[in-house]
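For clarity, chains are labelled A, B, C, D, E and F in written order, and residue numbers in each chain start from 1.
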Amino acid sequence: MALESTFTHLRAGQPTMVDITEKSPASRTAVAEVWVELGAAIIDRFQANDLQGPKGPVCQTAIIAGTMAVKKTSELIPFCHPLPVEKCDFTLTPTATGLCIRCEVSTTGKTGVEMEAMTGASVAALTVYDMCKAMNKGIRILDLRLLSKTGGKSGDYHADSRS
Amino acid sequence: MALESTFTHLRAGQPTMVDITEKSPASRTAVAEVWVELGAAIIDRFQANDLQGPKGPVCQTAIIAGTMAVKKTSELIPFCHPLPVEKCDFTLTPTATGLCIRCEVSTTGKTGVEMEAMTGASVAALTVYDMCKAMNKGIRILDLRLLSKTGGKSGDYHADSRS
Amino acid sequence: MALESTFTHLRAGQPTMVDITEKSPASRTAVAEVWVELGAAIIDRFQANDLQGPKGPVCQTAIIAGTMAVKKTSELIPFCHPLPVEKCDFTLTPTATGLCIRCEVSTTGKTGVEMEAMTGASVAALTVYDMCKAMNKGIRILDLRLLSKTGGKSGDYHADSRS
Amino acid sequence: MALESTFTHLRAGQPTMVDITEKSPASRTAVAEVWVELGAAIIDRFQANDLQGPKGPVCQTAIIAGTMAVKKTSELIPFCHPLPVEKCDFTLTPTATGLCIRCEVSTTGKTGVEMEAMTGASVAALTVYDMCKAMNKGIRILDLRLLSKTGGKSGDYHADSRS
Amino acid sequence: MALESTFTHLRAGQPTMVDITEKSPASRTAVAEVWVELGAAIIDRFQANDLQGPKGPVCQTAIIAGTMAVKKTSELIPFCHPLPVEKCDFTLTPTATGLCIRCEVSTTGKTGVEMEAMTGASVAALTVYDMCKAMNKGIRILDLRLLSKTGGKSGDYHADSRS
Amino acid sequence: MALESTFTHLRAGQPTMVDITEKSPASRTAVAEVWVELGAAIIDRFQANDLQGPKGPVCQTAIIAGTMAVKKTSELIPFCHPLPVEKCDFTLTPTATGLCIRCEVSTTGKTGVEMEAMTGASVAALTVYDMCKAMNKGIRILDLRLLSKTGGKSGDYHADSRS
């Protein structure tokens, strides 16, 4: 874990938006991933009800909620800059006990879309929780993290493989 | 993990809001918790800059963003009912490598506030990520879960101790 | 067409919210309907791609967008009162040349949910337009109207059969 | 009715935002139109109360609500891209039995503003309905359609005359 | 100026929402007032253009923006509780050099609507500023204050006459 | 007070958004200022509780609420164009009886950010009011005005010194 710089959102001890007026617009992407641990019983229920895994109504609702949340990121995170979302793509992969949600966002702007990707993955996971919680309140949303970012002066970032 | 019922948000294969017209208003609470793994270097930086741990500007910004997100829950989660939030309380506890965020929400309404508590904890954690990401893009948001809910006909719920 | 009263939203020539402080909370419902004329070619394409008519992704996206719009009604219509939506149900029925969208909303409140049902049907129809417009920009959204309302002092309303 | 292409918002059976990262910004306009059938009695009432037809408070409220809805389009329609609205102009034309609402929107962006114009016309019409519904719940909102779009690689579009 | 109590929004040095779970719903009203100093030249222009003083399009736009802002208060002010607005009434009174804007709000709820009235007056004033600023960037928005509040356990409040 | 032009937001007597399609993007800034008269007793209480004047939780909450309001300006003011906020900086200066709030906003866009700066200052002041109103309902928000704007074809503006 490299310590790149210091708190960019603080100025004289007060929180503040980072000034990006002098930055140049660039193509930027970010990918975030989260894991929803649903338990085998819910996964079985998905199959028994022919909910078609990643194409069924639970997953489609999660994709739509996540996409709308990506567009709302700067309303949710106080010091996020508003950015024109140009691409927003979700991939949901079921396994035996849960669902892996990946959210990829692209923009052309003066700052990156890491928070958009993280927020989209997070709200998609919360939506899955909401639609399954009547069956299991113990569902956990595990390990939300940034997988990669590209574009911009600060360089690209690629997370290590999951350890 | 008990399997209480089936998909309440599906009707004839389509997603839908649960009908709560016949339910009675009741006092309801929910508590959610999430863990943000910041890494020791950021925690050290908090202390070196006298950011006062849980009372400093990073935590205050997270509390405010989380509170505002609790009030936005029904805008974010497609089939959540709007509820009048009457209490919303955050507790942030730092440790050697990260921050534990707990969000408690109360209402008087026809359905519970589990999603409000989960959403509040989630957005508070994303805000911490945003304010620290210049120092470490590898921050992880781990183990978002419901700790408890009370009130309403479906009974109380208390999560097992963290295993 | 009965002329029941005069402009309730005007006071001394200025627009204004209707004062409902003295009204009593009651169970209220409203149903609105709209017709989207897609053309036979798009309906054929639905079937050829196995999009499963009313359960496919176009219809599910419309239902989700419509449900979220129902909850946003008082943000969109300037003098609408905010109301707690307790039920919101969509029915989409395809025919040979288009889609009939019906939206039913219920609340317990001091005023009715006609605007919620009308707004929900309208945004669901716009979403269908959006998802099909690459195939046909000439899609028309026809005959949005209130089918019925129940509850409240002003009495029930049922539209005549479509003439 | 030409069938130009296929479902742009579906990828592997799931709904998704169209990727516009590779498109070029261009000047774009769209015009939408809708007809509100109020009935002669309400139109008479407009005149008897000196509500000045298209300049009176009902129409002004509709214009303002419509303009604000144009700016909210990407919040309402799940897969719409956010665009910087640079012009938004409404024309309301009363006739003997109703009101014709036309909404013109312009932007400089990577995709078109058809949905913005359609959404603006739609919410303006809903606002007229709201302000007149105490007099006639049978008001119908008829024939919302795109009149034209210009700009962008997919070429201009002009609707046929109303048949 | 009486010092009634201490900071209700702080708990252990952190900002927090006030807990109103134990309070009883009651009828509550609040009235706020603000003065917009436009300058005589703009007031003359209002008259020369037959903009009808308080009924013209500038004032109607201010009323609509103010009403919509009243409904958004809990989204804008971080620790405000959401409340069902049941009445929202604006009075605009022009004088020789400006405009006095008064906003009255009523609810039935567990806490008061002071912030709703203050926010409504404030946004109505900002809207007047926006619509007149091309003529005079030196417009001032002066003396926004609470005129009165009624209802609830903390008792009624009536401001002294303007000194 | 110079009378620069006429009502830019009216067209044929109706309110309308200004058409900026032909304008060129430029760097633009605006600074607004407002004074909150809290009374000496609250200022004393700030000090007695070690709330650290401008860095304490009241001021931080005001900064966050103000920043989020700057980003919401085009949602609040009906005919404001949406603009990408690139910088948003608050300065809060306490004196013996109150707090001076200054808000500076920058963008690269086709129109100015005067309304963003005015709205940010206004909502920050309302937030201070909200957090202190339990101690004094007589707090006044005085003299909100534009201090300066730069950039764009209409030239720079600098307010006279406070008279």
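Quick notes on this structure:
Basically, a residue touches a chain if its C-beta (ideal position, glycine included) is under 8 Å from a C-beta of that chain, and two chains touch if they have at least 3 such contacts.
This is a predicted model, so every value here is computed, not measured.
Among the other chains, the CA centroid farthest from that of subunit E is the one of A.
Interface repeat of E-F: among D-E, A-C or C-D, the matching pair is C-D, sharing over half of the residue-numbered contact pairs.
With chains reduced to the mean position of their C-alpha atoms, the one farthest from subunit D is B. Residues touching across the subunit C and subunit E pair largely diverge in numbering: under half of the numbers involved belong to both copies. Separation between the centroids of subunit A and subunit B, computed from CA atoms only, is 16 Å. As a whole-number value, the distance joining the C-alpha centres of subunit B and subunit E reads 32 Å. Centre-to-centre spacing of subunit A and subunit E amounts to 38 Å, using the average Cα coordinate of each chain.
In subunit E, the residues touching two or more other chains are 13-15, 55, 57, 60-61, 64-65, 68, 72, 75, 78-79, 84. Under the stated contact rule, the graph of chain-to-chain touches falls outside the line, ring, star and complete shapes. Pairwise chain contacts in this structure: A-B, A-C, A-D, A-F, B-C, B-E, B-F, C-D, C-E, D-E, D-F, E-F.
Those residues of subunit E whose C-beta lies close enough to touch subunit B in the complex are 11-17, 19-21, 74-75, 78-79, 81-84, 109-110.
Within the complex, the subunit D residues that touch subunit E are 55, 57, 60-61, 64-65, 68.
Subunit F meets subunit E in the complex at residues 1-10, 13-15, 39, 41-42, 45, 49, 51, 57-58, 60-61, 64-65, 68-69, 72, 75-80, 114-115, 118-119, 122-123, 125-127, 129-146, 149, 157, 159-160.
Residues of subunit F that touch subunit A in their complex: 27, 54-55, 59-60, 63-64, 67-68, 71-72, 84-90, 106, 108.
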